[in-house]
Amino acid sequence: MKLNCDLGESFGSWKMGLDEQVMPFLDQANIACGFHAGDPVWMTKTLALAAANGVEVGAHPGYPDLVGFGRRSMNCSHDEIVGLMQYQMAALDGMAQSQGLQMTYVKPHGALYNDMMSKPSVRASIMQAVASFYKPVRLVLQATPESAQHREEAKSAAIDVSFEAFADRCYDDDGRLLSRAKPGAVHNRERMLAQVQQLVSKGTVTSVSGNTLHLDADTLCVHGDNEEGVRAIAAIRELIV
Amino acid sequence: MKLNCDLGESFGSWKMGLDEQVMPFLDQANIACGFHAGDPVWMTKTLALAAANGVEVGAHPGYPDLVGFGRRSMNCSHDEIVGLMQYQMAALDGMAQSQGLQMTYVKPHGALYNDMMSKPSVRASIMQAVASFYKPVRLVLQATPESAQHREEAKSAAIDVSFEAFADRCYDDDGRLLSRAKPGAVHNRERMLAQVQQLVSKGTVTSVSGNTLHLDADTLCVHGDNEEGVRAIAAIRELIV
Amino acid sequence: MKLNCDLGESFGSWKMGLDEQVMPFLDQANIACGFHAGDPVWMTKTLALAAANGVEVGAHPGYPDLVGFGRRSMNCSHDEIVGLMQYQMAALDGMAQSQGLQMTYVKPHGALYNDMMSKPSVRASIMQAVASFYKPVRLVLQATPESAQHREEAKSAAIDVSFEAFADRCYDDDGRLLSRAKPGAVHNRERMLAQVQQLVSKGTVTSVSGNTLHLDADTLCVHGDNEEGVRAIAAIRELIV
Amino acid sequence: MKLNCDLGESFGSWKMGLDEQVMPFLDQANIACGFHAGDPVWMTKTLALAAANGVEVGAHPGYPDLVGFGRRSMNCSHDEIVGLMQYQMAALDGMAQSQGLQMTYVKPHGALYNDMMSKPSVRASIMQAVASFYKPVRLVLQATPESAQHREEAKSAAIDVSFEAFADRCYDDDGRLLSRAKPGAVHNRERMLAQVQQLVSKGTVTSVSGNTLHLDADTLCVHGDNEEGVRAIAAIRELIV
């Protein structure tokens, strides 16, 4: 099990995230590519930080929506999705290579990620974008009960995939994230660590109703937005060695 | 002598340039990369058009200024210039490779190009951006009396350069383009073809005052904004074989 | 019956629409406000053109999506919709007043218009934006069988509304525009003029299946994207006096 | 002497400034208008905060450069400057009126402010923008030895002006701000309060060399970027009653 985190989400004069503190604990840095966050200067800094810490780098492309931080679903066409994915992947890839790094994976951001999980046509467009990229890059999806089906889709598209689970979010009985609007949606520290421990040791999570769900996860998504987040990541890191 | 032209300058629903008509006559397509013009979908289309016509592709990066079409000088720092250059080069490079093409050169656009020619610090930043890009890419500058000096600078930066002349613009006695505000700044068809013929056969242009100036040019910049431009390119093509 | 048209849809160096040719035939100019098209300089020019032709001006706000031309639905919150509506209305209003004009109405653009018609929550947010604007402004909606209900909603929100029909689009049996994907969706010149004549004289349209539908329309939307569009507008103008 | 501060400089998910803490100490809030910072939702929030605290509101327009935060000079034409000024002023004005407030002044931001002070042509364009705005709005310039001349220019343009001094910046012997690159450019708390006291009681500042300079200032610019800034504003407020 790897630890991944969304980084490089500053933009111009606006700082977001405690990247310097978080990076040392990570295996994988998902770096924003300029459409919903990030800019060329921040991408350069974030790549340098990843290089200094020996962290694997991936592209974290989003919808072209800075003011909405890529969190608003946009009704894009197939060509638009392929284009925005490849443009952002390419931008990060070339900048990474210019620092001696390899971009090895791509994980869509925010609404693009949610649309990938919920809309087969968006997922197909994203897989097509990855498949037609000039070099092999893993696509990261959410680990859900549909992971086997997604693996089949990826096989048809001739791309590699990996699946991520969430450390701090409660799962519903269908194996999806419990809506943030529901009570208990976000774990406290104790429950978060218990969920991580269970994922690592048994490959399962306990749902909001107490059911045991299998999750086929290769990597764990953590968040470093504030000091408490950084401490949580440090604690999670001790469980994953 | 090659023929180069700025292409892919449409943006979203806004069409600019007669790329389909111009491409067959070109050797080199300078493709806008999304900061002053172009977007992922248009970049994809323009790359496909270049591939279909066997045309060499280069990045045509600009200042981040869509509404100003990259024609307004922006007072950017060294890090900002390196970043915006590498981001746009990388974006086009990865998308080009995904279509089986190689991006082999970069020519800055508009105000970024003008600043490169007139401001040593901007030129140094641009050369640094090219030098630290992950693979060798030629930088295109304007052929001027300073070309020898620019060649020295490029040698120090360990990058390749090439120089372009302009077909339809009158040169002043210093070997620079006569300001568009001056009478005779833009050649008519006849004078344009004469200038091209002279450049190809003798490597010189005749300045506005009648002086003969040597220009060390590898490539000739043409413009395909309208039907007359396309016809002019066709006529120039016949002179360059 | 008035004639309205979307104008001011150029952006920076990109020209769109034949505004100069269209304006003399119009009663109402829906002017883009910078989020999906238009910019301060084009807004100024378009307002001047409206003033010179004695045409009423309205705001034509869209989603913040230049590259998508406001045609992609974005999942915005209530506060975001109120904000983007009021910002764009205010921008056009103050610029109009600075040319001695009054902005008297607002008609959402593209996906924002479609969402207004199909999603009650978006319509409610838009009505709220208009209601809380500092001065009375009419909201333009599409004339449909739901117009009576929309009139009630507007009454509750304490705003004025008007309804527009389309000259060149075929209606389905439910009184909505036939999808452009369907045959016969866009009228030829003859059928367009017949539809306009019927709307003006009887207040009805004939649907794709031949049914007669009542449409409660105050204004007719026309398009001036090309020469044929301009000629069509001139022909329609002769029917509406 | 009034206290003014730049507020509303957050953008989408990126928070900047401690507006809630700063607002109660101010007389005048310079509110960003969306081109270099701010967005419709933040503008709405900031206007509401100003209303709740009884603070006068002004527009704080900048160059269209989000990633550069409006701090990079852009070589704009007269029409572009007039357009960007009026668009942003109008946007804030209409939104302010919709909350029962009046926008009474405008103070350009960042590089636009610096260009206004150093380039007569930019200043003329800005004065023209204010003069042709649909209602009287004061233009805020920096108090310098040229203030009398600027007052004359404003009189010719038929606009009102006011002048601001800086609390925390050391002045050079020419009455301009000492470059931040120089030692002593930014005052510590003690020197800042002494400078404010001197400005209020005598209308003068002591320059870096110890000269006494008269400054014709109506308002004092303070900064609330962090907790120390807020405390400094509170201390200054006690000196200005």
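Labels A, B, C and D are assigned to the chains in the order they are written; within every chain, residues are numbered from 1.
The rule we apply is simple: a contact is a pair of C-beta atoms (placed from the backbone, for glycine too) under 8 Å apart; a residue touches a chain by one contact, two chains touch by 3 or more.
None of the values given here were measured: they were computed from a predicted structure.
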Provide the labels of all chains in contact with subunit B and in contact with subunit D.
-> A, C
Copies subunit C, subunit D: same or different interface, half of numbers shared as the threshold?
-> same
When the centre of a chain is set as the mean of its C-alpha atoms, what distance in Å lies between subunit A and subunit D?
-> 41
For subunit B, write out the residues touching at least two other chains, lowest number first.
-> 39, 67-68, 80
So in the complex, which bits of subunit A are touching subunit B?
-> 34, 39-41, 43-44, 79-80, 82-84, 86-95, 97-98, 132-135
Within their complex, subunit D touches subunit B through residues 64-65, 67-68, 72-76, 80, 111
Write out the stretch or stretches of subunit C touching subunit B in their complex.
-> 10-16, 37, 39, 66-69, 71
